[in-house]
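Sharing a structure below in structure tokens format, with a few things to ask.
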Amino acid sequence: MAVEHFVREKLRQFLAEDIGPGDLTTDSIPALALQPLRATINARRPGVLAGVDFALEVFRLLDPTVQVNGPTLTDGSPLSTGQTIARISGQAAALLKGERTALNILQRLSGIATLTRRYADALQGSRTLLLDTRKTTPGFRYFEKHAVRAGGGANHRLGLFDGAMIKDNHIAAAGGIGPVVDQLRRRIPVTVRIEVEVDTLDQVEEALAAGADIIMLDNMTPAQMREALRRIDGRSRVEASGGIALDDLPELAGLGLDYISTSAIITQARWLDIGMDITE
Amino acid sequence: MAVEHFVREKLRQFLAEDIGPGDLTTDSIPALALQPLRATINARRPGVLAGVDFALEVFRLLDPTVQVNGPTLTDGSPLSTGQTIARISGQAAALLKGERTALNILQRLSGIATLTRRYADALQGSRTLLLDTRKTTPGFRYFEKHAVRAGGGANHRLGLFDGAMIKDNHIAAAGGIGPVVDQLRRRIPVTVRIEVEVDTLDQVEEALAAGADIIMLDNMTPAQMREALRRIDGRSRVEASGGIALDDLPELAGLGLDYISTSAIITQARWLDIGMDITE
Amino acid sequence: MAVEHFVREKLRQFLAEDIGPGDLTTDSIPALALQPLRATINARRPGVLAGVDFALEVFRLLDPTVQVNGPTLTDGSPLSTGQTIARISGQAAALLKGERTALNILQRLSGIATLTRRYADALQGSRTLLLDTRKTTPGFRYFEKHAVRAGGGANHRLGLFDGAMIKDNHIAAAGGIGPVVDQLRRRIPVTVRIEVEVDTLDQVEEALAAGADIIMLDNMTPAQMREALRRIDGRSRVEASGGIALDDLPELAGLGLDYISTSAIITQARWLDIGMDITE
Amino acid sequence: MAVEHFVREKLRQFLAEDIGPGDLTTDSIPALALQPLRATINARRPGVLAGVDFALEVFRLLDPTVQVNGPTLTDGSPLSTGQTIARISGQAAALLKGERTALNILQRLSGIATLTRRYADALQGSRTLLLDTRKTTPGFRYFEKHAVRAGGGANHRLGLFDGAMIKDNHIAAAGGIGPVVDQLRRRIPVTVRIEVEVDTLDQVEEALAAGADIIMLDNMTPAQMREALRRIDGRSRVEASGGIALDDLPELAGLGLDYISTSAIITQARWLDIGMDITE
Amino acid sequence: MAVEHFVREKLRQFLAEDIGPGDLTTDSIPALALQPLRATINARRPGVLAGVDFALEVFRLLDPTVQVNGPTLTDGSPLSTGQTIARISGQAAALLKGERTALNILQRLSGIATLTRRYADALQGSRTLLLDTRKTTPGFRYFEKHAVRAGGGANHRLGLFDGAMIKDNHIAAAGGIGPVVDQLRRRIPVTVRIEVEVDTLDQVEEALAAGADIIMLDNMTPAQMREALRRIDGRSRVEASGGIALDDLPELAGLGLDYISTSAIITQARWLDIGMDITE
Amino acid sequence: MAVEHFVREKLRQFLAEDIGPGDLTTDSIPALALQPLRATINARRPGVLAGVDFALEVFRLLDPTVQVNGPTLTDGSPLSTGQTIARISGQAAALLKGERTALNILQRLSGIATLTRRYADALQGSRTLLLDTRKTTPGFRYFEKHAVRAGGGANHRLGLFDGAMIKDNHIAAAGGIGPVVDQLRRRIPVTVRIEVEVDTLDQVEEALAAGADIIMLDNMTPAQMREALRRIDGRSRVEASGGIALDDLPELAGLGLDYISTSAIITQARWLDIGMDITE
């Protein structure tokens, strides 16, 4: 995978956070700059892989001659304990300096992909996409949203700039859902959808009348959702959100929702244990 | 608390990640730029607070006239469900745009502080400090290490630049612990300690002979640690690390270690539920 | 208007481009740093105003004490020759240093707004929005798209990141419109619309079947557009694009298109003459 | 041509403006990252070429393996409709992502070079150089001034830092032309010329007495210019400026001015139509 | 003095170099963030002052409420041992954190100004300006050139971008002085002077014929300089350079040179001893 | 030596300071971009070399194809007049543009290494390391500290972030040395040493009691130092600082201090004369 300039700059910042003006230990041992080293990256627990291209790029940024030896697992692959994800070789100093940053990316992202897969599997067979939210670690959102896709989910908006989401305060300030939507139409790019967050069935009707592209049913019961879907009848995409647990998904899967969004796949994910082993 | 320039720039980047060139929704409703708003930030689950100064600074960056009304809880405070952390007022647009970034910081950091407190409490009464590691979310390390302190832990090195840590590969490349330490002495700032990671009691002796400031006992049993401590006898600080679980702490607390380090307080922490409520 | 951080940083870069390490002339005359100055910004030709908030912010960046005296025209206002747009006062050095950058913004943007207004007026009374394209001056797109809105147009996507636009090469690589749309659905944020560029009526059917949110009719005759609109029948938004001149708009206005996009409002716009006059 | 680091960074920013965190469409079709593509860049209207090295560098930044096949026209070349400017081949994804940015540069710059050529031709045979001004699109000045040279013009100062230009307000604040020039002499680099803008023949004498390197005759009639040149008699370079139209140039060409400057070659230029065609 | 944005950003970088993510000592003592402190900045050796505005701005960047109490000496002022340069008061933490950076600037710059003054005094009464060169500490040139002016010298070009200097290799590549000058005339801004470095009287003639603005006599004896000046006879500015020592200046002062340039005023300068004393 | 990303970015900034948007002279002579050139870098005075890897990297940044021909002296090597340090070949334009920046680094750093060597030699045979301080040229500290090591010295802390140094004001604010050390222990990384600056023998006792890692004897006489060392008796590292001259070193060398620090090796160093000669 070609790594986008945007991503490469972020990876450089992650390395700079760890290395700063220099790795005191490794830089003080000149032999390490000359010595070749081989290593494997291995899963230490079962899960789902995410972030492997980023991890490899981290090593390449430190040593452009780093080699990837043999096949590498791709994001989304299931991992079993002990399974080798990638084999690399390169300058010893580069491998030692990049190890922590590369693994931090892999472990955090694979942790998210692993949890996301459990949620996504619970929706298997339905037409409903599992979505993330904007609850992400500051500065690391692009990567965490990538992990969600690797785990079988899809992404809600990346930020406040690529999706319009109308909430209570917007409605109150503009005097109703209709007026907000009207104001948005001429002010935001026409390539972006307008979503309205609703709490009641009355608001569903208002959002429909205003021509919302997506209606988000906030904290509704399955029964309320069913009624909302009946009224909307395909005239808008429908998202359910708000305190939805993994156990709720089987019931919700049958409702015909377009999207179910949850922050849990990111905020409740624990790191997956992945390590690097020097092989020679 | 005066917020350091370094921190302010990071917060700006976090805001830029979310807002980009603009908040499509809020920026399209001119009334929100003129309207004052009051809000409270509230715990929705019990835990330990961390990051409140960062969260408030996020709002100030968007609107320098944001006011903090009444007392604010300080980092490290215990939180009960429903407890108010801070009361703020300011331009409605600024509060709406900053909400997600401010809460993401607070929730992630308070999640870490909450888990750290449990580990730290298990060492209560001992002379042993609980330490974090370099397993942190890329780009967010400074903040996560702050949360560890808020939870009652202390910090291992911030990066590869403010601490020397000698591991297997360094030792092999330089030909022993002694040679590494000798090379480091003239090459790294004299204000930085030299730590040696050891697996065996023989290595403990080697590290002592080399004059290590800190000896890290990697993956040792309590019995091995006890023997290591006996041999070191105060001639070096001693850190235990490697797969130490919360349940192990009561036994380890009595050994007389200087430090116990664990990545779990960061990598296994879940976000604490904290929300913002508009009060008028 | 509160100026977004993103905008402020761009304005700083514009100033840095002109001032670099210093204004050799003004900085060599210490009296100018102490002397207050009053100035008006005036239209020298009729047109439509755009960029006034950016221009005023330029002066504030150089001297936070700059005052705006009396009412200022807002973006979108019609301008007659000699009309005063804003009255400012501040440190003489700041006004002299910022003048060229502020006027360059105002003149370029008002030139675009003036031309856009002519196109938008030709669609008056219809349901069709006039859109810009991605043909904008590199580095200045955000501002040029702002000028389009000031002139009565609306914006197509800001970049490749906030709208999906499927063209020939995408279709060929993926093996048809349907497969592309399928690939996009799970990979792009659900808040972003999917647009398909079509040349023929057959492609219109394909795009409809694939569920395109917007169908762009590329270089079609009015008759072809009419037939396409008949077939689409409200199941997708419809955009006409490709070599559409100002004279074509009256005829197209009656077709019922959702959008007409043209690069001409930006690429063919000439700067509007606006100047700054020192009043004391 | 080797592209300067300064230029490369600007080009990267232009790409980032368009691509941001990713090209939603192209990045979602993995086949495009693997597929080779050949394309030609072609003039669609007659004019003068400018910016070709920048355009090619844009593609190289996205894919270092991009090849330029066969000869490429150089900046300043006349273009006829349909003429091929360059032939490139490379990764399909890179060509599709870079196309708009590369063409925006080429079209804007060639538009300026085309208009400049008309002005420069009108001075053909005289000793007078055609100059631009600081009226340029914010953030894009370096490139627009490059286009002026490609069209046969020359450049006035790049910014406030590489030329001193004394105007009314400077003179008033310092108490006369002489005092300003005296202050400048010791404060600005001796490698930079001092220019004085004058409105009257009296000021011409003052500027001469002060030792101005360049005297700019602002908004003078040809008769006034002739008299000014007579008095100056080679003791200073002479520039005419202010509202000079293309039609005025033949008369002015015979006066013996060193420079005629006009903002029109940039502010009145329209984009030249240039496109990219996929050839396989 | 209003400090330019360019300067403020450099000062921020200087602070970041010293403080990084935080001042471990001062930040660990919360009382210092609340405590007010008064201090004076004092000369500990005689010399010439330079950099005082930069030093004060350093403190303001850390604490915008820092006050300057009473009169402050201006750059270029003679300093006697013990003399107070400025009195400041502000948050204790800010004063302690900024002290080293502020003093480093003051000491280095005053050292340069002090040495420059000795050279400049040796030219007192002549028409010859003392100039610096591009031999400056990387990253600190703007400041060192400021110090030269404070000491009574003037500046040669700031970099390769605001002055053209033709040397041997340029002449050889272009085939003579005339051809180089011809190429430069249309390619560089007309606001910039063209200087030619010559070793022989023949080259002086060539440079004159080519119309050089400044002729630099490189490593010539006073007798050669005299002959060169005779031939040039005011048709070009004349600079002497190359191994000129302080002792040579009295003799050279009488020759009628426009400029004498020497790197010694920067490369041979030692820091002037200046300290900060806490007064309460 | 592999050059760290941190270093490469600094070198780029140094080049940008000199070159800005372009080298007016060299860039105007197209032949220089095509022409190969060979050059040697030579000492023109005796001294100690420092910075050669940085200098070579400067050229590589401008032209990645620059070749180093034959052996290159390494940092710390003694230099005799006329000795060749390195032989390089590459694009003529790159060598001419990079020359000044590369030499400025080499000359400044070798000047520091040369002076440092004199101080370090005076401690030869003792157990005492010669240390630098934080008195360094703003923005250039990393490089100046490198030069100190090349000259045989070692480094005190790089900044306020990688060493804790307790001074008068900290002690006063916290209420004694003990309380400061207690506060620091839980707030700073455990990998960083705590140093206390003391003026009296009483303070030595206090610092010892508080458990200081390093005690800095500020401005003490040799007799006082001897007494302090006697009392400390190996329980803390000991540094002498404050007005220590080269002549004082022989006497101090015998005391058994761990460190002697002096700013003189940086602030009193003059540039070493090193030049570049074109060889064809």
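Read from first to last, the chains carry the letters A, B, C, D, E and F; within each, the first residue is number 1.
As a convention for this text, a contact is a pair of C-beta atoms (placed from the backbone, for glycine too) under 8 Å apart; a residue touches a chain by one contact, two chains touch by 3 or more.
No experiment lies behind these values; they were computed from the predicted model shown.
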{"item": "Smallest number of contact steps required from chain B to reach chain D", "value": "2"}
{"item": "Intersection of the contact lists for chain C and chain D", "value": "A, E"}
{"item": "Fewest hops from chain C to chain E - one hop per pair of touching chains", "value": "1"}
{"item": "Copy pair chain A, chain C: interface residue numbering same or different (half cut)", "value": "same"}
{"item": "Chain pair, A-B or A-F, that carries the greater number of C-beta contacts", "value": "A-B"}
{"item": "Chain of greatest Cα-centre distance to chain F", "value": "C"}
{"item": "Same-interface partner of C-D, chosen from the options B-F, A-B or C-E, over half of the pairs matching", "value": "A-B"}
{"item": "Distance from the mean Cα position of chain F to that of chain C, given in whole angstrom", "value": "52"}
{"item": "Inter-centroid spacing, chain F versus chain E (mean Cα positions, whole Å)", "value": "23"}
{"item": "Chain centre separation (chain B, chain E; CA means) in Å", "value": "44"}
{"item": "Shared-contact residues (touching 2 or more other chains) in chain B", "value": "19-22, 27, 142, 158, 161-165, 187-189, 192"}
{"item": "Chain-level touch network, classified as line, ring, star, complete or other", "value": "other"}
{"item": "All touching chain pairs, where touch follows the definition stated at the start", "value": "A-B, A-C, A-D, A-F, B-C, B-E, B-F, C-D, C-E, D-E, D-F, E-F"}
{"item": "Chain A to chain D touching residues, read off their complex", "value": "1-2, 4-7, 142, 158"}
{"item": "Residues of chain F that touch chain B when the two form their complex", "value": "129, 131, 149, 154-158, 161-165, 185-193, 195, 213-214, 237, 258-259"}
{"item": "Chain B contact footprint on chain A (complex, rising order)", "value": "10, 13-14, 17-29, 31-32, 35, 37, 92, 96-97, 100-101, 103-105, 107-108, 111, 134-143, 159-170, 173-174, 180, 183-184, 187-189, 192, 263, 267-268, 270-271, 278"}
{"item": "In the complex, chain B residues that touch chain C", "value": "12, 15-16, 19-22, 27, 33, 61-63, 91, 93-94"}
